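Note that the chains take the letters A, B and C in the order they are written out, and that residue 1 is the start of every chain.
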């Protein structure tokens, strides 16, 4: 009738072209971050503040380290991360200082302490991403989320796959070995250890050990020295400060592992976060618990 | 014996001296009364004897010894003071309380001897409170508490006794009992200095009255000498009449009512 | 109630019994016979280590802390003529906490340093309070009321300082400092026990020596003067000794509240009046109470250890309820 065959095709073509033109700008793949706030994935951010060591090292792994305009005081790996401006605490951050770096994306650790800060960043119009990084599964999700945001899902997949391959390798290597029990010393006054809610327990499991406090559901717990002695772990894992405190304090000798010299020093920066070096972390733990099994 | 020579007492920051050159003698065997309006310096003199107020000039001496030169613990052995106010925060047994009067003699470590026990017994009976010995101090009436306090001072067994307003809050029976007690104590050889604003009772019992006015001695002498209408009126600023009471003939002060201006 | 001589035996026995139970109970069960064996060095190596290096010093530390707080509270209540006085007056607790928090914030980790810093802070606060009282009050003498207010001033200042220090500190520092402030006998080492024992022997002994003076002081300043006691000097002496005791306990075990307040009342209810036996009895009762509270702190919510200060704070509830009934 009015539409001739040719004009109809031109119309459809234009409509499709229009739709294609608009896609990069208006495509909204809305997900939720761990505070339940919507995450809009549009143009990749160019000025990122990452207040979480896990995401900081991930950004460097994606080759996006140059986009970082701010990090938290604890983000010390890789070395180039130290050159990124230190904006202070990752928990209850100083909102003004962070905004002063003019970021277009702020990444926070999704702890309740940070809810007010997240709200204030959003109110200031800055994209905010709050992620929980407690479990190994969180690592996978975080990598995917960052990959989507940076529009580099391929790299995300590569990083994630590499980590999980290593984890799988370690698990396979240790799965048939006798499983020693482990006490992980986080802090001494009060005495704090990790529970099932922490990726560190998962790491111990992958590395062929068993956390004596795996019965605790939360990520960490305060325990008494006597209780540790009662649970009688085969090994104690501790950071350098912890190892020193244990060696200085006579009372730790009530624990068999201390008397037998089975206190193992771990690199807390390596194993202390579920980041891109999870694989290496698992390998290092496995080498401590089952020396010579891996290479 | 108490002897004040031109005593001047001042408090830090005060414009005027609380006691401005007071001299008098409270002799042994006599009941000497210190009287005067509020703020005339009566309690300051007592405080000076306790070394709790600063003597800027003059001296206060007990038995010839300047109180500032006598070491504190020894001072408590030569003069016993019953201050105006006392807080009994934690109740103790009356006998234990009176025993504290022996502290100047016992010190920190000496165990009580027979002599101390006797002194306490005597003090209790002199003050007329032997029956109360087993009671707790928070179970006493106002009059009983006053007499117990006096007993404590008596237990110190000092030749000089000073009492600051010992009959406040007491009814006539207790007041008379205390004045009788003080009179008999003076008669037994102590030098008793009594601070009181109860002029009429003072006039009946005291041997000497020292009348103070704004830190100075207005007049001193026997009750008949001191109880004069003109003197008292100018000191107290209130019209009075002095009469002789019909019962015992002691001088008595009768304050007159001022006409009310409408 | 009239105190009888055999009550002393009862008090000591109660302390011994509670102490033995406390040494025997814990995450690892050790029977009473096992405790005795362990004390003699016989039996399982772990049990020996637990009893000798963990529980015994802890129980002894708790007992010393309780004794120090009890004696300090008894002396202060008498010297200040106030049944609600307690050892942390005059800013001792605030000052000690500032000392410890500053040490934590400076990253100092040595056990002895924190103890020393807390002690210096506590004593420093008392001297500061005395100075404030002297300057703020009239003349050169510091009377009771002025001292109390000066102590509140110092305490308020200390609280502010602690808040500022913690606001700027790292999370780990905050956690360590808070844990310390909540009070715990957990870090009991024999060295700490020895230090505390020495302080309590010296300061507590001095208090017992001057105890009769406090009897006289508690009658009021004028009455004390009439009995030959210089109220200001004797009062200052009592404050300082009581503060020394309090500072020593705080530096060894953090802030343990209510013990110094409640224990003297218990001793008085048993019929004691004169401060010499009162202070000694308060020390015994305080020791028993803290050892029992520490046992509860360890066992009630196992494997988590509750702060000792939290358990003793529960003491405050029945105490104040009783006071309420008394006054109304």
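Definition applied: contacts are C-beta pairs under 8 Å (C-beta built on N, C-alpha and C of every residue); 3 or more make two chains touch, one makes a residue touch a chain.
Values in this document were obtained by computation on a predicted structure and should not be read as measured data.
Asker: Could you tell me which chain's Cα centre is nearest to the average position of every protein Cα atom shown?
Answerer: C
Asker: Contact counts by the stated rule: is the higher one at B-C or A-C?
Answerer: More contacting C-beta pairs are found at B-C.
Asker: Hey, how far is the Cα centre of chain A from the one of chain B, in Å?
Answerer: About 84 Å, centre to centre.
Asker: Could you state the distance in Å from the CA-based centre of chain A to that of chain C?
Answerer: Chain centres of chain A and chain C, defined by C-alpha means, are spaced 45 Å apart.
Asker: Could you list, by residue number, the parts of chain C that touch chain B in their complex?
Answerer: 77-78, 81-83, 138-139, 209-213, 215-216, 218-223, 225-231, 268, 273-274
Asker: Residues of chain B touching chain C in their complex?
Answerer: That would be residues 12-13, 47, 50-52, 72-77, 80-90, 92-93, 96, 100-101, 103-104, 106-109, 153, 156 of chain B.
Asker: Mind listing the chain C positions that touch chain A in their complex?
Answerer: 26-28, 45-46, 49-50, 53-55, 109, 171-172, 175-176, 179-180, 184, 186-187, 189, 298, 302-305
Asker: Could you list, by residue number, the parts of chain A that touch chain C in their complex?
Answerer: My answer: residues 89, 91, 187, 189-191, 221-227, 229-230, 241, 245, 249-251, 253-254, 256, 259.
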